[in-house]
Amino acid sequence: MAHTTSIKVRFYELDPYNHVNHSAYIQYFESARIELLEEAGIGLPALQEAGYHLVVTELATRFLRSAEMGDRLTVETEVVETRRASSRWRQRMFRGEDLIARQEITAAMTTLDGRPTRFPDEVVARLEPYRSEV
Amino acid sequence: MAHTTSIKVRFYELDPYNHVNHSAYIQYFESARIELLEEAGIGLPALQEAGYHLVVTELATRFLRSAEMGDRLTVETEVVETRRASSRWRQRMFRGEDLIARQEITAAMTTLDGRPTRFPDEVVARLEPYRSEV
Amino acid sequence: MAHTTSIKVRFYELDPYNHVNHSAYIQYFESARIELLEEAGIGLPALQEAGYHLVVTELATRFLRSAEMGDRLTVETEVVETRRASSRWRQRMFRGEDLIARQEITAAMTTLDGRPTRFPDEVVARLEPYRSEV
Amino acid sequence: MAHTTSIKVRFYELDPYNHVNHSAYIQYFESARIELLEEAGIGLPALQEAGYHLVVTELATRFLRSAEMGDRLTVETEVVETRRASSRWRQRMFRGEDLIARQEITAAMTTLDGRPTRFPDEVVARLEPYRSEV
């Protein structure tokens, strides 16, 4: 089941086009993934203490509508799959019913000095409830 | 021929992993495209005055190595093609010889109220020198 | 009476010290002032439509404790006074009972082309409920 | 003698007023101080390795003119004094001859777990060349 979180647009994230700059969407999506991890009991500080970093290696984003001042956005995040050392996630951002943006990202598990490593079983298990059904 | 620019990592762009946060790469790539436009004589203020916004509609980025404190990065930007209302760009980020990240983005031309519109001939002509050869 | 809002720390706002970078506090304080304006019915888009920009001209901030990953912060904002063309605001940021930072800022009212101008009476009236009592 | 560095405004740092958001000035000033430290041979990674964090505890900033798209700004940074556990810095930002903003900040030396500590003699000595004369 998708994790859902709410994000309020901040003024300084708008650019002179009066739209949220596209780089801020990337930050919103990151915030949503991190809230999922926290809810799952494997927040970044806990992962780090256990010797792991979760690192974005790839992303693909489509920007469908512009987000604007005062918007409160909803971000849905699902885990598509966890493979040996990497994971794929799918995210969608809405304003009310309107789809604003969607993203697929790949995140790798690494040791603290940056070498790829297997996803620990416990992490895989804790992500299971957020697996997409497709 | 690719446009080349240099970007210095700033401390606040690093995250607790001691790496440049992936959203900052997206900002670096944007800065590089905007410098290309300025060099081509069609900076965003000039475009806006002529009634146009250039808006990112899609991006795909691969993060290959992490950028770190004190790094001076080089960004190469090429225009892959300009179609009726949209354009595709290819970008690569280096630290010295090392490829740090690469990105493909699609940017649409819109009117000031956000409707897609044809790329003006002059814009197409001014982007021509930055066309990729492949 | 002070306006109160809640802000959740985002990962990319942390720096390698594992603390929220001090520039993000400045952004949190701005977000809080803008929420006050919205609540008062004089949000920035409404002001702009009426021909006004509200511009920070001066700030003084004390950073007392560091904010960290996962913190949910509360920001209290009061209007200290509105003079002819400028206004003074006082803000405090808390984590639970702990005072994290406090700030005094001065914001000027300008026309859209940046010339200082008198605070419209309606703006003064709408800020009145947020006046500090001291 | 003041340390001098140059900073180019980036598009995403502008807000809907078409000005650099005031929080970005705070980031520019931070970047300038860090470049001074690097030039002095006591960059933040070196300090951290030696067991020290340099932490902003207080700042006061005046915003005199707005910075805009395409601006290349110059930041001058001087050390006003180093006391036992804290230091005061004075910074000014220019566009050409025009003073855009100025700032005084206080930065404390702490251990890695955040307790205030004396400035190491070597740090004091290395900052000496950047001492303001007044």
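The letters A, B, C and D name the chains in turn, as written, and every chain counts its residues from 1.
Keep this in mind: contacts are C-beta pairs under 8 Å (C-beta built on N, C-alpha and C of every residue); 3 or more make two chains touch, one makes a residue touch a chain.
These numbers come from a predicted model, not from an experiment.
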Seminar exercise, completed: To bring the C-alpha trace of chain A onto its twin chain D, one rotates it, in degrees rounded to the nearest 5, by 180
Problem set entry | Farthest-lying chain, centroid of Cα atoms versus that of chain C | B
For this session: Give a one-word verdict, same or different, on whether chain C and chain D use largely identical residue numbers at their interface, taking over half shared as same.
Result: same
Exercise. Where the centres are mean C-alpha positions, what is the separation of chain A from chain D, in Å?
Worked result: 33
For this session: List the centre-to-centre spacing of chain C and chain D in whole Å, with centres computed as mean CA coordinates.
Result: 23
Exercise. Counting in whole Å, what is the centre-to-centre distance of chain B and chain D, each centre being its mean C-alpha position?
Worked result: 29
Exercise. Touching two or more other chains, which residues of chain D qualify?
Worked result: 11-12, 16, 21, 23-24, 27, 30, 44, 69
Exercise. What does chain A use to touch chain C in their complex?
Worked result: 10-12, 27, 30-31, 34, 38, 43-45, 69-70
Seminar exercise, completed: The answer for chain D against chain A in the complex is residues 11-12, 14-16, 18, 21, 23-24, 69
Problem set entry | Interfacial residue positions of chain C with respect to chain D in the complex | 16-17, 19, 21-24, 26-27, 30, 44, 48, 53, 55-64, 66, 114
